[in-house]
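Okay, so chain A shows up in both of these, paired with chain B first and chain C after.
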Partner chain A sequence: MDFLSYLINGLGLGSVYAIIALGYTMVYGIAKMLNFAHGDVIMIGAYVAFFALNNFGLPLPAAVILSIVVCTALGVTVERLAYKPLRQASSLSVLITAIGVSYFLQNAAQLLWSSSTKVFPTIIPNGGISLGALSISYLTLITITTCVLVMICLTLFINRTKTGRAMRACSEDKGASTLMGINVNRIISITFAIGSGLAAIAAVLLCATYPSVFPTLGAMPGIKAFTAAVFGGIGSIPGAFLGGLLLGVIEIFAKAYISTQLSDAIVFAVLIIVLLIKPTGLLGKRVREKV
Partner chain B sequence: MLKITDLKVSYGMIEAIKGISFEVRDGEIVTLIGANGAGKTTTMHAISGLLKPTSGSIMLDGTELTQIAPHKIVSLGLAQVPEGRRVFAEQTVQENLILGAYSRKDKENIGADLEYVFSLFPRLQERSTQTAGTLSGGEQQMLAMGRALMAKPSILLLDEPSMGLSPLLVSEIFHIIEEINQKGTTVLLVEQNAKRALSIANRAYVLETGYITLSGTGEELARDERVKKSYLGG
Partner chain C sequence: MKKFSIGNLFSRKKRGRTISFLMVIVAYIIMQTMMSTGSLSSLFSGLLVPLCCYIVAAIGLNLNVGVSGELNLGQAGFMSVGAFTAVSVSGYLAAGIPNPVIRLIISIIAGVIAAAIFGILIGVPVLKLEGDYLAIVTLAFGQIIKSIVTNMYLGFDENGFQFSFVDNNTKLAPGGKMLLNGPMGATGTERISTFTMGAILIIISLFIVYNLMFSRCGRAIMAARDNRIAAESVGIGISRTKMLAFVISASLAGAAGALYGLNYSTLVPAKFDFNTSILILVYVVLGGLGNMTGTIIATVILVLLPELLRSMQDYRMLIYAVVLIVIMLLTNNETVITKLKLLQKSLGGGAKNV
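The block that comes next holds the complex of A and B.
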């Protein structure tokens, strides 16, 4: 029974990683850049949700929506101001800029809201449902359900809508997409909007699990989710989903069966092994060399 | 219909197109021939907006294309079949064709145009649910042409449509280009296969290292000694 409950907890944690990893992987797939400020968008989302619940006394759905709106606007603004001017620049310049944005957001948060930890209110009641000897907390249930819903909506959006098809076209060939009449800049903006909106959802789920809000809150989940995206094959949406879930399960199993202190090291060791065997990640596309 | 005046295009410090002027009139097939590196593709990319010219003018039916965002050009009636086909390899044949109609407002007519493309290229219909990456080179060329036609262009730009294809397929592709033209679409064709291109062109221009050095009707250029010597294998 222990095994099953660890597995479910792992899937819960993995669901949060997966939602964050979707932001990394979509932006990489379309803008071909690693947005290392993504974790800090989560942090901003967490603060917005915290103030909405704690200071303004908004109900949970309103707080979540406010957090999504602010993060979406932040993601689009960051892209417009920091990344768009570098569209023709080398990828190293873009990477350094992303790290710069990350530090900027962390320090801005510290300046505005101080570095002291704020306690996130309890938003999901304790307790859960029992299936025989197995009990699943409401939080884990909600987290996994949210992740599955996000995945279904995103898959439908990408495959069934005109904008989704345009996004897939841009991820393959921006020049040819322009010839079709697709506004590539607009598609990149939409991608950042979606990724950042998902970061806000992840922020609330994360704070419900670990109820403390501080300026570097996004750093560790950010790097883990980035690992999950690479693990699953960066650029691939099902890959981010799979990578996130696996990473969560591995982390919880490592904590339960091997060592709490070593769990992060084990997670990254697994990543290294996977990349040694399959450099494109689990579901990554083979990159064809152009002749 | 399309009038290029004193066009210059540079890559950084290197000027690839050094001031060329030519025009394509309504209903014509016009071809630009020239060796590798003469600037043919550069010219095409400047017209379709993928490259920004350093100076000069590109007028399409009275609209200055150099002042327009690249993605808006296709909705003015100019579609390009790029060199190397550049189909969306991971999407199906049908999805590629639908993307070709991305900029169109008249959604109700798209179905009829899909039928038209399938009638020109029956093989695309057979393979409509396959991903484009699994098609042969010839089929990908057909798909790239079909995709451009889905925009319902008044002028179609074709960049090296015969590249890498067997002689039999080249004949088929050129036959279809003529058919598309007879149905009322103006064609600007860039080709290394000068003999074929001149045989279907109303008029032609020879592009050499960034300059237009010769022009005339397709027949005139096909008989021209300099063209024969340089491009038609003596």
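The block that comes next holds the complex of A and C.
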């Protein structure tokens, strides 16, 4: 029974990672950049949700929507101001710019809201449902449900809508997409918008699990989710989902059965082993280099 | 063998190298004079050794990222290995070798060897991968090293070394000394690093990197970077050349870490985290890939910038971030690039052809 409850907790944590990883993987798939500022968008989302709930007394759905709106706007603005002028630049320049944006957001948050930790209010009641000896908390249940819903919506969006098809076209070949009349810049903006909106959802779920809000809140989940995206094959949406869930489960199992202090090391070691066996991640496509 | 001449030192190919050596030596002389006349504030003289460490680590990383073309996000991991090895060695030898200079040299060599061993161990799996996957694996190794060092306990007494992992089980006899103390890291280290040693390390690392770059092996490394398939087809062993660059880069990071660790009485493992790796990468990219002179200048400016902005207090890191973004946007702007090229032409090339 212990095993099952660890597994479910792992899936809960993994769902949060999966939602963040979707943001990384979509941006990578289309803009071919490692967006290191993604974790800090989560942090901004967490602060917005915190102030909406705590200071303005908004109900939870309104707070979540406000957080999504702010993060989406932030994502699109950052893309327009910092990443768009670098479309032709080397990937390293874009990487450093993303790091600059990350520093900027962290320090702006520290200036605006001080570096002291704020306690996130309890938004999901304690307790849960019990199936025999196994009990699942409402929080885990809601997290997993949200993740599955997000995944379904996103898959439908990518596969069934015109914009989704345009996104897939852009990730295959930008030049050809432009020739087919797709506005590539618009598609990249939409990708950033979706990724940042998902970051806001992840922020609320993350804060419901670990109820503290501080300026570097997004850094570690950001790195872990990035790992999850690579784990599943970066650029692949089902890969990010799978990678996120697996990462969460591995982390919880490592904490439960091996060592709490070494759980991070174990997670990264598993990533390395997976990449050595499958160099492009679990579901990544192998792109042959042409001469 | 070519005859030595001053003109040859300033030939088109070698000008960058000569300039960077001269720059370091002149800067060293100026700093030493200022320190001896006391016109340097204590804040700045305290920054000199860390500055040298960052320069050495950045030169090493530039060999990896700029010359060999592999993005490494775990340079701080190698610094950590070098630092904690050197601190332990120095702590252990403190009674046996009272002369701080000899002890410093031995500790740095130990740090370099340890980092090189890690470089080989990590390089074997890492260099099988390509591009962003390679980058993420170096990031993962950086995190693993941090995590492991955070959980290491090492001490010694008259019965020899005692080591334990995760939980502190070392039971030292009275008079024993803890070298590494888990998350607290190394405490009570004797501060034996000197600015002179830092300057010497910079010169040595420049010497190694430039000699490598202008050798047959260095040309092979750059060929493998520019076109892997073409390089392979003319008989260059890709993994061997990449490995060489990776291990030298790791060793230089180890030397930098060793000097850094011995400059502070306490050093926590969390110091060498992902942010430190990124910081060094920023120096390299801003200085110019493959350009060692640029790396040194960028490191000096970016290490001093937050200190110069100290009067702005809370806003300094915000300004730092904005400066970073603006520099990246400007250096990738067509009109600015054209102007810079014109300027470079009038100055005569520099290290552009590297």
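One rule holds in what follows: the second predicted complex is superposed on the first by the 289 of 291 C-alpha atoms of A that agree within 3 Å, B and C clash if a C-alpha of one lies under 4 Å from a C-alpha of the other, contacts with A are read in each partner's own complex, and residues count from 1 in each chain.
Operating definition for what follows: a contact is a pair of C-beta atoms (placed from the backbone, for glycine too) under 8 Å apart; a residue touches a chain by one contact, two chains touch by 3 or more.
This one's a predicted model, so the numbers in the text were calculated from it and none came from an experiment.
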{"item": "Touched partner set for A:T227, first chain B, second chain C, both or neither", "value": "second"}
{"item": "Touching partner for A:E172 - first (chain B), second (chain C), both, neither", "value": "first"}
{"item": "Which of chain B and chain C A:T122 touches, first, second, both or neither", "value": "neither"}
{"item": "Which of chain B and chain C A:A108 touches, first, second, both or neither", "value": "second"}
{"item": "First, second, both or neither for A:T145, with chain B first and chain C second", "value": "neither"}
{"item": "Partner chain in contact with A:T163 - chain B first, chain C second, else both or neither", "value": "neither"}
{"item": "If touched residues of chain A are counted for chain B and for chain C, the larger one", "value": "C"}
{"item": "Which superposed partner A:N183 touches (first chain B, second chain C, both, neither)", "value": "first"}
{"item": "Residues of chain B defined as touching chain A within the complex", "value": "48-50, 69-75, 79-80, 82, 86-91, 95, 98-100, 102-103, 147-148, 151"}
{"item": "Complex interface listing, chain C residues touching chain A", "value": "65, 71, 125, 128-130, 132-133, 135-137, 139-141, 143-144, 147-148, 150-151, 166, 228-229, 274, 278, 281-282, 285-286, 289, 314-315, 317-318, 320-322, 324-325, 328-329, 331-333"}
{"item": "List of chain A residues in touch with chain C within their complex", "value": "28, 34, 36, 82, 85-86, 88-89, 92-93, 95-97, 99-101, 103-104, 107-108, 110-111, 219, 223, 226-227, 230, 234, 259, 261-262, 264-265, 268-269, 271-272, 275-276, 279-281, 289, 291"}
{"item": "List of chain A residues in touch with chain B within their complex", "value": "162, 165-166, 168-169, 172-173, 175-184, 285"}
